[in-house]
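Two complexes, one shared chain (chain A), two partners (chain B, chain C).
Let's turn to the complex of A and B:
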């Protein structure tokens, strides 16, 4: 039997680490160089994911849409989001403005795929230096997640922290919603 | 021989070269027909998502397009990189999906080739610039915060310390010991305010010590200020001329504060040692007391502004500022 294919969109401001998170997850790779994404990078990643209620393991092909960051093309974003089963919203610990921008992406997602699972990832946590600014940014991300009813996962594409958990968690949410 | 239909010939040429690629799918997203080099090996009768998994999740839209025809707007995906991204050298395509009245859905695929690379560079430059802009804005905010902190410090020194100390000094008139203490404290506050003010001035001028200090004038200033109290020697001043950079006022503030605090038969000697300009106050008899005197910290703070240092020995205090390398 063919695996279940589920489209997952990864959105957020540019340079927050969307591509890096996917490449870390799919290929176990990381590069310090920042290469801007043009349009959409699309990955087909087969994985085994546990149903959160039954505990059964399901084979799913995650069709990962790594979408060009920035708010300048929100009309195009609407098109990209069509048919997604879930989404990851990514923000950057070192740039508080990327957390403020989460509202924009959340609203777009709610308009195109209302009620579908979404998770907020705060990326680059390996750069946490304990400074008041970053501590404040982390608190801001927690508050944002709470306000939008999202689960917050603190990730590091560079070190790999919480990256499999991020994708597996969303896949489990998608499985639960299919019941 | 002239082709009977040049347009048809052109279409075939584009399809055969893979410049345009056409796929017809039915309402169930199954491939019905293909033409074009890129899609030549796609099997008719198979789900289109097996070949073009970017369409997974769009099955409902495909069905609606097939059923409702042109009532549904076409979908454009201008740049899709399958199985990776431009970094991997993967083929990028543009995908256009539109209703084919009464005959299913038409997919038009075109490779991005060189245009895609140019667009990626434009996005890259836009994002790089925006990131740099963000860093500049952050630095400005930090500078403004520093300025606010500095103004708060000034206000605290002026109104939180100086004003009450002035009142105390006035109220202590007639009580010699108490008045002396209050005046000493007032001098300390004034010294710090002076130094902070000078440092602020230096930072407002970019904080970079680029102006050479007129060393001979500086020494003349010490002779004039401490006339009869110290002997000043500056034989090696020519060797350092033009090579001590920074604020003469700050340097003077630092050295003067120790000249005032030090006791004994003092002499001030200028030398050049180990690529540094060195001022040594000799004959200091209260070296151990100086260690606890605020004026030593004041001098250290002043010299640090010039990347220099202060050290206290048994009978001397040494100020050192690195010399700019010879051109």
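Let's turn to the complex of A and C:
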């Protein structure tokens, strides 16, 4: 039984795979039509998560706010971030510019929910072909994560790689912060 | 160099007139106009004085125009102006939005209101789903008992007031702080004790409601309709009360009491005031004490609403019918309970019967090693005994035994007799049938004997297949199992190895003999003194099917000599075939893990093999290249093994 409800925001540029990652993970979802109108859609995942230090299992209802990409100038983005216990910043391995945009989202998050756990996910790693461009993009993502003090998780929404780990990791970070 | 440079002006004019004919004058006119427009544009650019001059002139000109001319000019100018305005709006969107908002604001608000209203309809549907299922079942049941149409009962019930859900929501996170859910029978449950799916549903709905509240507030601003309060739906209402910290969402069905707003308002104010600290410190959960306190206030609110509803409400105009309805409901409930009890008792009785029959079977000593189960068959309404028995006599004995022990039970039997049924029909060849018919029951009871018989039968079938492959049916066999599949199918791969091995040995022998004597003859004409006495007719098709030429990653032959000998062999063989036979060159590009297939490699290697065959005297029109074959994936191309390299195979097509 879930007894803790936590809001988690998922931000990132257009088409980086935010919704795909969430859909890979959640059990309950709302109508997809919402996002086009409001710029946000809510999902829910009730799960058991381990506390990173005590090892205790906690039941958490993760309320995932999938915020439309490219809302950099929208004042709604700030509004939607309020009250979040943590956030996922998503970038796309095949588009280096989405990694550059992480700075903007990180700064926004820091201004609205300072000190709350955040994790950077580099999505679409299944498309990694070993080419110099992608290798460079991966290095760029690692450097970005290091510079911002974020954990980098390499995910693939299409294959499901590291998707549960991404959300579970953030949930654990949220639990740790509650101590 | 331009045309003007080549011809004198007069000559150019003459040429133009010659080419354009009657259109020459029109072309000249258009050119002149274009030049004048350029000049005017040049004059106007960055020159406000010129613009002013032109505006004045344009105004006069437009004023002076009459009839069609005026309409024509207006049409042209309107199109021009619209395009320019659209471009300007695109370039400076924020300033334009600012400028036109007083005019367009109403439309925008209306659009947003409409969108929000649609979204709330979805929320309403989500909240009402479980109730609808319950309600439908309830109405169907009542219709069944009373004999009245479902629609009539439905209409009568819509007026009854019912509080379905009360949710206290944290406004910042959209999380449900606590909630209450009331069933139709009046049972109120803390939503925290609901199933995960209902909890999840409430969480999503509350999240979206907060998002909508934020959005509408952003769109309309404080006091401009930004705060949603009561939302009417077909048969229900969503009452929303808000503070900056929390939302109270109440979903009611039916006609609400007149005082509903004041009741909610009062209770909400008290809840917020009494629990200000707890609500302010909500971080995903509440201390148990605070949660229970808010829960009890929610229950109090529920009671107040019920009380208000019972103190004379419009919906109670049909109060006279209530006792009848209660009676019908009670009767229905009793009947339902009775039906459920009967079903439970029946299930217990059936399970008991099945268990007793199974125990009897298990007690038969001679059948203890045999899989025999008792089960209940609803279609036959009897206990069915299924399984395997050693022989017909055992089946008969078991049946008699069970019927004697359970005389009042309906029993049916589906027992298989090992001597005829144990071997699956698919594996039953002529030999098995023969053995089954001739051998005694005792022999067939021996499992080892049965297994050996099956193996012998399979071996016989394999032998037949081999014979077919080696004989005149080889063409069919080769076509059924094309070269393309050899390395995907281990058995066919082994066969190919065998045939290919024979070919290699033969080629080596030929080379050796060719070195020893002139005119040593072709591969299959070695004669009685040669190494092979095999006749070409028995081997040629399978040789073709087994002949593969390998290629490395760059598309070079892995063994040039072998490729030459193989193509020569195929060419010789083809020469012996009737006219019209085609040689299919089957090109297979080996996939390497993690890499894309090299482009055009399939046609490249097929063309190389084709070139070798042409060199051996095969006519091009006798050959056909086929690509697109599949092969097993490898880590790297290895020219030393045909299973790890690109390859070309051959097949005869008649």
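Heads up, the rule we're going with is that the second predicted complex is superposed on the first by the 161 of 179 C-alpha atoms of A that agree within 3 Å, B and C clash if a C-alpha of one lies under 4 Å from a C-alpha of the other, contacts with A are read in each partner's own complex, and residues count from 1 in each chain.
The rule we apply is simple: a residue touches a chain if its C-beta (ideal position, glycine included) is under 8 Å from a C-beta of that chain, and two chains touch if they have at least 3 such contacts.
The shown structure was predicted, so the numbers you read here are calculated from the model rather than taken from an experiment.
Asker: With the two complexes superposed on chain A, say which partner A:14 touches: chain B (first), chain C (second), both, or neither.
Answerer: first
Asker: Quick check on the superposed pair: does A:42 touch chain B, chain C, both, or neither? Answer first, second, both or neither.
Answerer: Both partners, chain B and chain C.
Asker: Name the contact category of A:69: first (chain B only), second (chain C only), both, or neither.
Answerer: first
Asker: Between chain B (first) and chain C (second), which, if any, makes contact with A:6: first, second, both or neither?
Answerer: Both partners, chain B and chain C.
Asker: For A:86 in the superposed arrangement: first (chain B), second (chain C), both or neither?
Answerer: After superposing on A, A:86 lies clear of both chain B and chain C.
Asker: Which partner does A:95 contact after superposing on A: first (chain B), second (chain C), both, neither?
Answerer: Touch partner of A:95: chain B, not chain C.
Asker: Considering only touches as defined above, state whether A:117 meets chain B (first), chain C (second), both or neither.
Answerer: In the superposed model, A:117 contacts neither chain B nor chain C.
Asker: With both complexes superposed on chain A, which partner does A:169 reach: first (chain B), second (chain C), both or neither?
Answerer: A:169 sits against neither chain B nor chain C.
Asker: Jot down the residues of chain A that show up as touching in both complexes, chain B in one and chain C in the other.
Answerer: 5-7, 31, 34, 37-44, 61, 63, 65, 76, 79-80, 82-85
Asker: Can you list the residues on chain A that touch chain B in the complex?
Answerer: Contacts found on chain A: 5-7, 14-15, 19, 31, 34-44, 61, 63, 65-66, 68-70, 76, 79-80, 82-85, 95, 97.
Asker: Could you please specify the touching residues of chain C with respect to chain A in the complex?
Answerer: 115-116, 118-119, 122, 126, 170-176, 192-193, 196-197, 199-201, 203-205, 207-208, 211-212, 214-215, 218, 283-285, 594
Asker: Where on chain B does chain A make contact in their complex?
Answerer: Those in contact with chain A are residues 49, 53-54, 56-61, 75-87, 92, 116, 119-120, 123-124, 126-128, 130-131, 134.
Asker: Considering the complex alone, what residue numbers of chain A touch chain C?
Answerer: 1-7, 27-31, 33-34, 37-46, 60-61, 63, 65, 75-76, 79-80, 82-85, 129-130, 178
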